[in-house]
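Per-chain residue numbering starts at 1, and chain names A, B and C are given in the order in which the chains are listed.
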Amino acid sequence: MPAIEVSNLQRAFSAEVLAVAGIDLEVAEGEIYAFLGPNGAGKTTTVRMLTTLLRPTGGTARVAGFDVVDEPAAVRSAIGVALQEAALDPLMTGRELIRMQATLHGIARDEGRRRADDLLRRVGLTEAGDRRVGTYSGGMKRRLDLASSLVHEPRVLFLDEPTTGLDPVSRKSIWEEVEALNREGTTVFLTTQYLEEADQLADRVGIIAKGRIVAEDTPTALKTQVGKPRMEIVLAKGERSDCVDVLGGFGELLPPKDGKLMLEVAEGAAAIAPVVRALDEAGIVVESLDVVEPTLDDVFVDKTGQHLEGAEPGEPDTGEEAAAG
Amino acid sequence: MRTFAVVVELGRRSVRQTFRRPQLMAPLLIIPTLLLAVQSAGAGRAVDLPGFPPVESFFDFLLAGAMVQAALLAGNSGGIAMAIDIEMGFTDRLLAAPIPRFAIVAGRLAGTAAVGAVIAVWFLAIGVVFGATIEEGVLGALVMIVLVMLAALAFGTLGAALALRTGSASVVQGTFPLVFVILFLSTAFFPDDLLLEPAQTIAQVNPLSFVVTAVRDPVISEWSMGELAAGLAATLLIGAVGLWLCSAALKRRLRMG
Amino acid sequence: MDRGLDSDIETIRALVRRSANELIRVPGAAVPGVLAPTIFFLGLTAVFGSLTLLPGFTTDSYASFMIPVSMLQGAGFTGAAMGVNLARDIELGLFDRFLASPAPRWVLLTGLVISAAIRSIIPSTAVFVIALAVGAHFPGPLGLLIAYVCVMGTATIAACWSAIIALKFKTQSASPLMQTVMLAAVLCTTAYAPQELLTGWLATVAEYNPFTQVVDATRQGFVGGVSWDGTWPAIVVILALTALLGAFALRGMRRTAY
C-alpha cells in the first residue's frame, strides 16, 4: 500500500483561481518525496489538502491508506505536520508545546513527558526547552515544530518548506534530521523552493508549476531527461575547424554559445582527460574547459520555460546576460 | 500653497484609512448608536422625573450625547491610527520629508474633523428618521455639524498627543475605556441635577458637559448664545491643551531621535 | 483510534491551560476585561441612579439593579475575547496545529468554551466586589450561585457566537462584530429599567429577547428573593443557545478543516 496516493486532486478557490489543477502522484512507504515549485505553485494548497486542513474541490487522496475526506480522523492520527509558517504559541515553552501536541494525540501524560524530553534532545533544544518560544530563533522554531510533529511517531510526515528562510547551518541540521527519520522508516512528503534541497534529500521529485505536476522522477533521472552533461570548451586562438573532427568522436557537438564549444558527454567529468589529450595531440590549445551537469533548474526551465528561485536569471540560450558576465 | 496641499493629502489619507478599516470605523458609529437606542428606550421614562428639563423625548436629549461620544471615539481612533503610523515608521518618513512638522498633526486632525462631520450627519439622519425634532431647524442642524466637527478636532489633538508621546497603538487603544469615564462624568446622558454624587459635581465643571450642552441646545430649545459660547470655549480649551501637548510630545520625539 | 474520553478530557485541560497562559504570563492582560464592566457599572449607576425614583421601579438601589447587567457584560466580553483569540490563532496558523490533530472537533470547541466560562469569573467577581463596596445588596448565597451560573452561561454563549464569527471571517478585524452583538444582546433587555418602565421598541424587544430571562434571573437575589420560577427560564435559554450556537460553531470548524 502506498503511503500517499493522489488522483486528479484539485482545489479551486474561485472560478479563476485553480490553485491545484488536478495532480496525480503516489509516494511509496519509506520514500522521501519532494514537491519542488516556485511561489504560488500550489505546494501549500496540496499539503493542506493531504493533511485534512482543506477540502479538495475535486479528485481523491489517500494518506496512510485512509481517504482524506471520508476518514480525516484516521489520517490525522497517522500523519505529522509542520506547516510553512512554523506557527507556534510564543507564550508557551518548547517543552509545553510538545507535551500539548502529545495530549492532542491522546498520549498519556507520563509518556508525553518522556517523549518531550527525547524529542527536545533529538533536535538539540534540551537547554532551550523551558524557555518561551517567543525567544527562539527561526531555526529553533523550525526544529521545535519538527519535533512536535513527531511526538506520536507518525507514519507519514508532511513538511511544507521546512528550511525556507534558514541559514545554511540550520538548513543542514533539518536535512540531517529528515534523513535520520527516513532511515527509521518514516515516509516524508516535503515541499521546497530549493533545488539543492530536493536534490539532496528526495528519492523522488515532483516539479509543480501553476497547480500541475510537470515532471516527476528521481533527481538523477530528471536531470538526464533534459540532457547529458556537457563540456564547455574555450580555445586559445578562437575557433578552429579541425577541432570539430577531434571532438566529434566524444559525443554530439551542440551549437556553440558565446564562443564556447559545447560538447555533450554522456560520461561527464570522466571525459575530461581523453578530450584534453586528443586536443593536445591535434595541437589545439585549450584556454578553459568545464563540465556542466544539468540541474533541476534545467529540468524546470525545460518543462515550464521559467526559472526557479535561486537559479540564475534569464534564458541560458539567449546568451545576452551570460556574455556580459 | 504647498503646506496646505500636504495637509489635504495627509488628511485624505487619514480619512481613507478610517473608512477602509471597519474595525476602526465600526465602534465609532455602532457603539454610540447602540447606546443611544438602548438608553433612549431603556431609560425613556426618565423624562417623567421631577427636575428633568422640558424635552419632547429622552431620545432628543440623548442625541447630542451620542454625537459627542462618537466624536470622542473618533479622537481616540485617530490617535490609534497615528500610533500605528509611528509604529510602522510612516511618521519618521514624514518627519524626514521637507514639510513643516505641524502638517503631520494637521493632516491627521483634518481627517478626524472629516470623520466628525460624518458622525454629525449620521446622527442627524438617525434623529430625523426616529422622530427627533430639531427646534432650530436646518440652521440648527448646520451649527450642530460644525460643533461636532470642532469637538472631534479638539479630541483628536488629545489622541494625537498621546500617540506622539507614547508611539504605541496599544497604549492609545487602552485609553478607550477612559472615553466612557469622561462621558459618564458629564451631562452627555443625563441632566446634571439628576446625576448622583460625585458625578453631579464633576459633571458641572467637566468641559465635555459644556460641549454637549451646546450641541444639544438647537435640538431641545431655542438658541441660547450663552450655551453656544460656553460650548465653543470649552472646545477651544480642550483643543488648545491638546495642541500644546502635541507640540511638547513632538519636540520630545525629535529630541530623543 | 484508541482515543478514549480520558484523552479528550486531558486535551480540554491542555487547551484551558494554554488559554490561561495569556492571563498568567502577559502582565496586565486581565485589566481591560475588568475595567470595561467596572466603568460601565459605576458610570451607569451614577448617571441613571435617579431612575429608581420613578413610580413602579422595583428597587431603591440602582447599583443592585445594574450589577447583574455589568457582571453579564463582563462575561460577554470575556467570551468575545476568546473568539478574538481564536481569530488570532487562525490568522497566525496556530489553529492548524489543533485542526490537523486527531482531537475531536467538539473537544476543541469545549476547550474554548470552558476557558471562557472560567475566565468570566474574574471580571464578574471584580465588578461584584466593587458593587458591594458602593452599596449594592448582597444577593444571598443562592442568589449569588444563580448569578454565577448565568455569568458562566453567558460567557459560554458568547464564546460560541464569537467562535462562529472567527471561523467564518478568519480575521481579528471581525472582533467588533463579536463584542457588539454580545453587548447588544445583554443591553436590549431589562438592563436599564424593569419591563413595565421600558418604552418604545425596547419594550417589545426586551420581552422576546431570551437574554432578558438571563438578566432577570441574575438580578433576583440583588433586588428581592430568588425563586425557581425566576431561574429555570434562564437555564433553558443558556442550554438552548449553547446547543444552537455550539452546533453552528462545530459546523464552522468542520468547514474550515472538515
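As a working rule, a contact is a pair of C-beta atoms (placed from the backbone, for glycine too) under 8 Å apart; a residue touches a chain by one contact, two chains touch by 3 or more.
Please read these numbers as outputs of a predicted model, since none were measured by experiment.
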Chain connectivity with chain C absent, coordinates unchanged: A | B
{"item": "Middle chain, criterion being Cα centroid separation", "value": "C"}
{"item": "Euclidean distance of C-alpha centroids - chain A vs chain C, Å", "value": "49"}
{"item": "Whole-Å gap separating chain B and chain C, where each centre is the average of the chain's CA atoms", "value": "30"}
{"item": "Centroid spacing, where centroids are CA-atom means, of chain A and chain B in whole angstrom", "value": "57"}
{"item": "Touch list for chain B against partner chain C, complex", "value": "21-23, 26-27, 30-31, 34-35, 37-46, 48-50, 58, 174, 177, 180-181, 183-185, 189-190, 194-196, 198-199"}
{"item": "Partner chain C, residues of chain A touching it in the complex", "value": "51-55, 69, 72-74, 76-77, 79, 81, 83-85, 87-89, 91-92, 99-101, 103-109, 132, 148"}
{"item": "In the complex, chain C residues that touch chain A", "value": "1-4, 7, 10-11, 13-14, 18, 21-22, 25-26, 92-94, 96-104, 257-258"}
{"item": "Residues of chain C defined as touching chain B within the complex", "value": "32, 35-36, 39-40, 42-51, 53-54, 172-173, 175-177, 180, 183-184, 187-188, 191-193, 197-203"}
